[in-house]
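First comes the structure, then the notes that go with it.
Order of writing sets the labels: A, B and C. Residues in every chain begin at 1.
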């Protein structure tokens, strides 16, 4: 990889004593699809607006393509944005909206017309070029916003919760389209979202933000399988957390004493001591009515307390003897899967020790 | 009394109760009857003005040929025109200021700007009288139309806050992301104002201007106190005629003024109706 | 919203024209009148501000002026109550009709605002005078019932130039002002609350008094203030409809400035009106503040 297209250096944004963004640093490589993921109010949108130039950070720097953006106003930055509300100008036709950014910067008319045509074609709006925004659907308006930004040939395209206003079906379709579009045109995308599915399915790398700070930056599967801390584990996907205390560590394994499972030995690199939480994803837990044989497995018993049916899968809640509740996801592999068990049944749970994570509490 | 309580339609369909409809109809009748009769009797061919004696437009010609009435009318239009132009610009700027910026003592400043709207007219009138005639010794012998400056200045003072309120109300619905999108696409602040913000607030500005025009054209109390003995405006002239007697000529003059204001009001409502907001 | 310090130039460009105009052609004149209210006449054309409170004393202690003030207050209060009673059902109906009728009725309520006050007042003269429409109608009824054979010829009622005419004029002119805030608050009222009340067993009448009225109280309060203050300071209506028999504060103020040439006394009277206005506004702000505090 060459020179990063975006470098964020120690950026802090403080409103009085509240820090919306707290000393954040990271690089984004050219042609990357990068996601800023976090719950609302975590500072992800503020960070995006700092990159776009709408907000000046209290301290820290942003470099775009090696150039310090310090006092450069938004209209002179080589980035463009797709706004959450799409911000399609209501008094201009589709075509005029897309041409706007070229007109105000004095692009020759012939070139502008050609580029507008290309951009509209790319998002599939060539037939609607004379429509006014109030005659468009939400999805079409979003395409206008996308074409309008892309026609500027930005080095980086910023997307602020671009799919949040769309319904579920359309959202899934747009996720695919955005991924393809990004691969096609080879422009760096930074997307802000609170939806983990969106980030996991589209992004090359994801930065998980919490309370203004970046907790972890990694590829989607790394975030899911090896979350850096309890917040990331809990925010991305579902997870069972079991409190415990480290009682010993030897040869790449730690021993953790828990109330729910007794003493368990888990493979773990790096330091671990004191109070910890064991994390295991619900789909990694095996459930059966008979005792499992696997020796490396962590095992416990309980009764099925709740059963939520989702068609392709079922989400079960199992109450273990001491009152702990564990979530288990089973695939409804066959049409008879759900007939095998019922609420109130006594079951055995087991999962591989290597599927268990030791996280700081 | 059972028929009074028997609801037509659902229990919340109050608008289907005949007695409520009848009552409201009566209120509207009483509200409009005096004005409608005033208009109708401006066409009545009788000086006594109470019994219908046939249709005529002669009182309109009489009013038209009444030199001092005509002069007053010209004065009023002149004042309203200048006052509207200046109030619209100033009022729009104040609206932008209040919409755009946070600044110390902002709510106090808002209260100050709204003051001309809430102060009783008579208080403002006598303040203008004291200010222009006694304290500043404002010259009253300038040639037309500059002899109207004092009245115009007073009209601007009570008109521009209304413009500011109307334009600001319009601006509140503005999506600031549109402005950011424009900046993001490479437009300067100046380009953004004229290409994005102004087109959005234009209906508010036009409605504010029409409001300013009508306020100025209709004003009696403030003008009555501000005007020197020689400057007549339309309402002041009508006032002196009304005090003298009720004549069809006054009806005719009033009808003309009503027609103008209704036309402007309809225009303003058209411009503010949601259908026209792109 | 941007902080003014981030865009100083734009801030001052927007701020200066309006503020300057307000200061020179509004605040300065008011300040002069305020100063004059503490002044004395030293010759026919000259006054000096001496800090005396005599003008206020004269206004509040001389029986003849006190009477005018008192009459202004009770006439305005009565007319405000009249406006409320007339306007509430109108506002209520408007907020329950369909969208199209709502537009039409609201436009019909707003339209009279735009018609010159002078003309509307003048229109009432033609209705109320001895040879006006009311008496004309009454005479027709009287003669149709052959009452003139029994009681002699019809005696027209003296409807003009008395307190009744002024009160009716105030109601006529200000009633539309009352409708709008009432309409706004009834419109905002969640209609399912009324359904809930009916569902819980309250009748229409109980629902109206226990649910609708309390929840639309903000509209009632601001309607009352919106109407009462301009009524108190009205000049044209009592001048044209009341004649010399039914004068209000406005007429006394006018006389001090236009004919009696007693500026300090007129100034004191007009500032009594100003103080009343400020008090009413403060009351409204206090009520609004308490409401929003209660909602937090």
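In this section, contacts are C-beta pairs under 8 Å (C-beta built on N, C-alpha and C of every residue); 3 or more make two chains touch, one makes a residue touch a chain.
Just so we're clear, the structure is a prediction, and the values are computed from it rather than from any experiment.
When every chain is reduced to the mean of its C-alpha atoms, the one closest to the centre of the whole protein set is B.
Of all chain pairs in this entry, the one linked by the most C-beta contacts is B-C.
In this assembly, A is the chain whose CA centroid lies farthest from the centroid of subunit C. For the pair subunit A and subunit B, the distance between C-alpha centroids works out to 55 Å.
In whole angstrom, the spacing between the mean C-alpha positions of subunit A and subunit C is 60. Rounded to a whole number, the gap between the C-alpha centres of subunit B and subunit C is 17 angstrom. Note for the complex: subunit A touches subunit B at residues 52-54, 73-76, 79-81, 83-85, 87, 89-91, 100-101, 104-105, 132-134, 145, 148-149, 152.
Residues 5, 11-15, 20-21, 23-24, 27-28, 30-35, 37-38, 41, 48-50, 89-91, 93-94, 96-97, 99-103, 112-113, 115-116, 118-131, 134-135, 153-154, 156-158, 160, 164, 214, 217-218, 220-221, 225, 235, 238-239, 242-243, 246, 250, 254, 257-258, 261-262, 264-265, 269 of subunit B are the ones that touch subunit C when the two sit in their complex. Those residues of subunit C whose C-beta lies close enough to touch subunit B in the complex are 1-4, 7, 10-11, 13-15, 17-18, 21-22, 25-30, 32-33, 36, 45, 47, 86, 89-90, 92-93, 96-97, 101, 105, 107-108, 110-112, 114-120, 122-127, 129, 131-133, 136, 172, 175-176, 191, 194-195, 198, 204, 229-230, 232-236, 240, 250, 253-254, 257-258, 263, 266-267, 270-271, 273-274, 277, 281. The touching residues of subunit B, when paired with subunit A in their complex, are 175, 177-178, 180-188, 191, 195-196, 199-200, 277-278.
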